[in-house]
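Okay, so subunit A shows up in both of these, paired with subunit B first and subunit C after.
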Partner chain A sequence: MSGLLFILFAGLAIGSAIAMVAQRNPLYSAISLIGVFIALASIYVTLAAPFIAAVQVIVYAGAIMVLVIFVIMLLNVEQEERRPRRLRFLVPAAIGMAAILIAETAFILYSVHAAGAKLPGPTSDVGLTHSIGVNLFTAYLLPFEITSVLLLMAIVGAMSLARQTNLLSSTARVVPGAQVLAMDIVKRRGKEDLTAIETETTDEAAHLMGVDFQSDPEKRE
Partner chain B sequence: MDLSNPYIHAGLIIVAITIAFLTIMLLVAATVLAERRVLAFMQGRVGPNRVGYGGVLQPFADFIKTMMKEDLVPDQSTRFVFLLAPMIAVVTAIMAIIVYPFGPTITLPFLNWTFPLVIARFDVALLYVLGVTSVGVYGIALAGWSSNNKYSLLGGLRSAAQMISYELALGLSLIGVVLLSGTLDIYSIVEQQSGWYGSRWNIIYQPLSFILYLIAAIAETNRVPFDLPEAETELVAGFHTEYSSIKFLLFFNAEYINMITVSMLATTLFLGGWNVPFAEYLFGRGTLLFGIVCVLGFFAKILFFLFLYIWLRGTLPRFRFDQLMDFGWKFLMPVAILNIILTATVVFVMGSQ
Partner chain C sequence: MESFEPQLSWYLALSAILFTIGAAGVIIKRNAIAMFMCIELMLNAVNLTFIAFSSFFQDVTGQLFVFIVMTVAAAEAAVGLGIIIAIFRNRESLDVDEASMLKL
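Take a look at the complex of A and B:
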């Protein structure tokens, strides 16, 4: 019974993975990737790891892929065009890598078989929430904490990148003396504070708006 | 008959799923009718009262009428995704019901069969519910995208943003209860609340968490005052503008099933699930009568939440989208985290129950 389920879900995972790579439409690729995640979660359940399965669905299928689909919908990404293949020389390398991967898998299978190790049965409690929690907060506390600091850094980094005041694009030209900047762009106070300030040159305007711009090509680095 | 035989066990589970499915579907029909009648009462109208006694057959008449409509697929739509979206919505909505215990473990008289009134009981039941709910976003988001209609797309985008934002607050608000009970198994969480003659409900310990959950749950189900994905004054009908006939019906059902499952989660986690105060004393633990009383109590609590939903719809105006986002991220999230810190401190000092 569990063998049958494994074949079903493994087939689903592999099929979805192939579909993900082969699809030209990015949204179809994203949907196929969700299929892969859900099939993998089902395999985790049959391997007596329900916690990993639930987390897989919540984090990957439920959170990350929603964001991916959100971005695809927001940008309205068109179907990818067929371009001339510039990276054709990588095909032999890919075949070689695949061969190494298959050989590794075969070696692992062989060595497990040869060692005669017994897999934990479906009644094992290794994959249950309690044992995972105990291990995370005792034996693996340091890696766990480091990971959380890493995630925090990623969040702070994303915030600081998004917060940069790039109001003018690098190709924008401002007519000197003509532009009037709203005060709240320069000094962020209230939305109602719209005191106009006058600038003489593009550089001055760019400087006030916090944009890294230099009109004189010789002064550019 | 040996109930531990795997084939008999599988058969019993299929029977249980069928019963639960039919119950939920009837509850959906009842909620649709109740919503129309109660709203009409609140707005000084009469509401549907012609089909059957007091209008009880109105949902079934509507069902037949909607089924008979032409099943349209827009010409420029992405056909496969367009057909897939309502299925995802309704399947993920109904998958959650298997973990909710409708009643306690009972023993049938004469036959001496003992079984719990729950379909599936496993270690990560609460995470399963959250996972299934989070996959449900795709139904709405993909429907909005595949319709190739600007109103649908806006509705889909809004709902995706809204559900991601409020899922966080929803999940964080549940952690207080998990910290107290020390398990993710919903059946065990309900059993732990049967102290004090069946009135040791988690809401006594976690009132803040309960309020946060209730708000986030209303936003998760896209109901008033958080119904921006289908704001009819702005977006026609939002993500299901292009859907007709049975596909519209699936979305409609999914919304009401979501309401019911969210109410079930609120009941099981905060209001003691099937626990009815003093029922154990009056009828004795594990008897059939006790089971019936508990199931009725469980459904009474669900109906209370459904009434609350309708009541809110009759009372509150809709949020603006930036208000919605500010409220979710800048109010609900910090308060939920504060609640977690408080609960964790108390549990650490007092020791878990």
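Take a look at the complex of A and C:
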């Protein structure tokens, strides 16, 4: 029975993983990856690790993949287009090295198989929440605390990376009157574009640069 | 039916297959987000090895490691997606071949 379950979920995981790599649309890849995560969570349940299975579904299939799909939708990523293959002469070398790697892996798996470890019965309490909690807060307290520091660093790093910087560089100033600005100061993405832009008033300059500025004091909020 | 119980080697083989698919994906893919997802797949393959050994040898340490790996993966997702958004904002593209300023 458990052998059938393993084959079912392992097939699901491998099929979803291959679909993920084969897809050209990143959104479909993400959904296939969720399939891999769910299949692996089911395998964890058959391995008597219910806590990790629950965390897998909540953290991976829930939090991380929602974040990834959110970014895919936000950036509106286009499909990958096909390109000419380069380095065609490396294909035989790749096949040879893959064969060596498969032989090594098969040898290791055969040795493990010959050792014949048995899955213990349902009396074990290793995978239960209680035993994980006790160990996490006694023997492995230091890694647990270091993880919290890592999460703090990730929060700060993500904020500083994704922060919208000002449209103008810090050296540029808007002065009233005639403005002549190079286009690469006004528009960040037009790096090579050096067309001069002339404006008569500060309002016009502010509008061109996308800065929210109102020169008339009565119209200011 | 005695021999049809899953062996430890089955789980290790599944883990090796998933890891290989993930590594091949990182090499094949050119889209930064797709590469990121392949890295997540490789992390999951390693997690499966940890859980399998933990269950077969009755040691909870492997599951604690998986817990910490998941935390690291969450931190990696936050920082990695921040980097991807910053690259996209500068280049209007997620193609990693175009982001080659560090290449010699």
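We take it that the second predicted complex is superposed on the first by the 127 of 221 C-alpha atoms of A that agree within 3 Å, B and C clash if a C-alpha of one lies under 4 Å from a C-alpha of the other, contacts with A are read in each partner's own complex, and residues count from 1 in each chain.
The rule is simple: a contact is a pair of C-beta atoms (placed from the backbone, for glycine too) under 8 Å apart; a residue touches a chain by one contact, two chains touch by 3 or more.
Owing to the predicted nature of the structure, the values given are computational and were not obtained by experimental measurement.
Once the complexes are laid over each other on subunit A, subunit B and subunit C both fit without any clash.
When both complexes are overlaid on chain A, the residue A:V68 reaches subunit C alone and has no touch with subunit B.
Of the two partner chains placed by the overlay, subunit B and subunit C both lie in contact with A:F51. Once chain A of one complex is fitted onto chain A of the other, the partner contacts of A:A17 are limited to subunit C, with no touch recorded for subunit B. The partner of subunit A that touches more of its residues, comparing subunit B with subunit C, is C. Once the two complexes are overlaid on the shared chain, A:P92 sits clear of subunit B and of subunit C alike.
Of the two partner chains placed by the overlay, only subunit B lies in contact with A:I31; subunit C stays clear of it. Contacts of A:T129 after superposition on the shared chain: subunit B is touched, whereas subunit C is not. After the two structures are overlaid on chain A, the closest C-alpha atoms of subunit B and subunit C sit 14 Å apart. For the contact definition in use here, the residues of subunit A common to its subunit B contact set and its subunit C contact set are 51, 55, 63, 67, 72, 74.
Interface residues of subunit A facing subunit C in the complex, by the touch rule stated above, are 2-4, 6, 10, 13-14, 17-18, 20-21, 26, 29-30, 33, 36-37, 40, 43-44, 46-49, 51-52, 55-56, 59-60, 63-64, 67-68, 71-72, 74-75, 77, 80, 105, 108-110, 112-113, 115-120, 124, 126-127, 131-132, 135-136, 140, 143-144, 147, 150-151, 153-155, 157-159, 161-162, 189. Taken in their complex, subunit B has these residues touching subunit A: 78, 81, 84, 122-124, 127-128, 130-135, 137-138, 141-142, 144-145, 153, 156-157, 160-161, 163-164, 167, 183-184. Listed in rising order, the residues of subunit A touching subunit B in the complex are 27-28, 31, 34, 38, 41, 50-51, 53-55, 57-58, 61-63, 66-67, 69-70, 72-74, 128-129.
By the touch criterion given at the top, residues 4-14, 16-18, 21-22, 24-25, 28-31, 33-34, 36-38, 40-41, 44, 47-48, 51-52, 54-61, 63-64, 66-68, 70-79, 81-86, 88, 90, 92, 94 of subunit C touch subunit A in their complex.
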